[in-house]
Amino acid sequence: MKVINETIKLHTKGNPDLINITDKVAGLLEGSKLKKGLVTVFVIGSTASLTTFEYEPGLIQDVQEFYEKIIPQNKHYHHDATWGDANGFSHLRSSLQGSSLSIPFDEGRLLLGTWQQVVLAEFDNRPRDRKIVVQIIGE
Amino acid sequence: MKVINETIKLHTKGNPDLINITDKVAGLLEGSKLKKGLVTVFVIGSTASLTTFEYEPGLIQDVQEFYEKIIPQNKHYHHDATWGDANGFSHLRSSLQGSSLSIPFDEGRLLLGTWQQVVLAEFDNRPRDRKIVVQIIGE
Amino acid sequence: MKVINETIKLHTKGNPDLINITDKVAGLLEGSKLKKGLVTVFVIGSTASLTTFEYEPGLIQDVQEFYEKIIPQNKHYHHDATWGDANGFSHLRSSLQGSSLSIPFDEGRLLLGTWQQVVLAEFDNRPRDRKIVVQIIGE
């Protein structure tokens, strides 16, 4: 059993940027030469999240509209008064959706479905440089 | 330390089928003979999820009504236009709720609460054959 | 590779108590002497959750108001009829938000952002004694 920590660095456009990182994660797994184990994908920071969905234009728009419905951008949040940066909605969305994904792998391949992509959700209200940890534990 | 990948296969009835798989997961853990470590439960596909709740009829109905409230079935989603299969709501629910659970175990037993069951949530709008990966890492 | 199971015990005030447990988790990691691996934080029970957010008074209030908006306390839930304990909302919030967090660590430190705290969300409608499993897998 080994543990390997890798990092994906991304420049995002700010909310509501949804970026498919499946190939990057799969590439790091392939480079590790490990065959069976667990990949943990973790985004550092409190205004972004990770999720999985079928990455196609219609659903991308549906996901964006869903977040806008349950946690609207143009609303006052108490957090906005703390720092004056108007991204309270970004923090709430990130807290709800979560910072990590756990994906088993076998025979060197992520056990994802064909239509199940790994997506970074950028919720912050400005472009950001993101660091995403890809941790591979296995043998 | 060892890593073991097992699979649970289930036939579901389609949305809003909520299936208690706690005993199946616990049985696979028992079969592994491992005593201390981490179980990751992961559903392959983009229209189902895993969650935990007290599996009793009242709460089952509450969970179903909650999903119907925040992501209604009878609404048009952009995804529906992509494939014409009218299951945009299924994808959105799955992306929100998530594909995996992480459950520590000790002395060969899952560290769940008495009223904390592992539940597969089938969100797709038709019956499906599901594969759920149960990965056991430990010693 | 080793696996270590530790427990944090907390007394909560009942909903909507949000408790920052980052230092406790980091302290257990430091005590383990492990340098690289995965921390899984898991709350036992079906009426609490774990999440991450910037732990400051404005956002604490935003998170509380968000849960009250999507899963209101003063509404009848079917679960309430089952046990007569009026905490159906607590169970629904817990099922949505989730019971666990997965956090990679390296050089003996959790790979959290500066404003990304580990928070126990107590949703139950009365004070509770909580047990939170902190599992450290690594080398």
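All chains are identified by letter, namely A, B and C, in their written order; residue positions are counted from 1 within each chain.
We adopt the following convention: contacts are C-beta pairs under 8 Å (C-beta built on N, C-alpha and C of every residue); 3 or more make two chains touch, one makes a residue touch a chain.
Just so we're clear, the structure is a prediction, and the values are computed from it rather than from any experiment.
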Touch-based graph of the chains, sorted into line, ring, star, complete or other: complete
Interface numbering overlap (same over half, different under half) for chain A and chain B: different
Computed distance of Cα centres, chain B from chain A, in Å: 20
Residues of chain A engaged with two or more neighbouring chains: 1, 38, 70, 96, 98, 102, 137
In the complex, chain A residues that touch chain C: 1-3, 5, 38, 40, 42, 44-46, 70-71, 77-82, 88, 91-92, 94-96, 98-100, 102, 133, 135, 137
Of chain A, residues touching chain B in the complex: 1, 36-38, 51-54, 56-59, 61-63, 65-66, 70, 96-98, 101-104, 106, 111-113, 115-116, 137-139
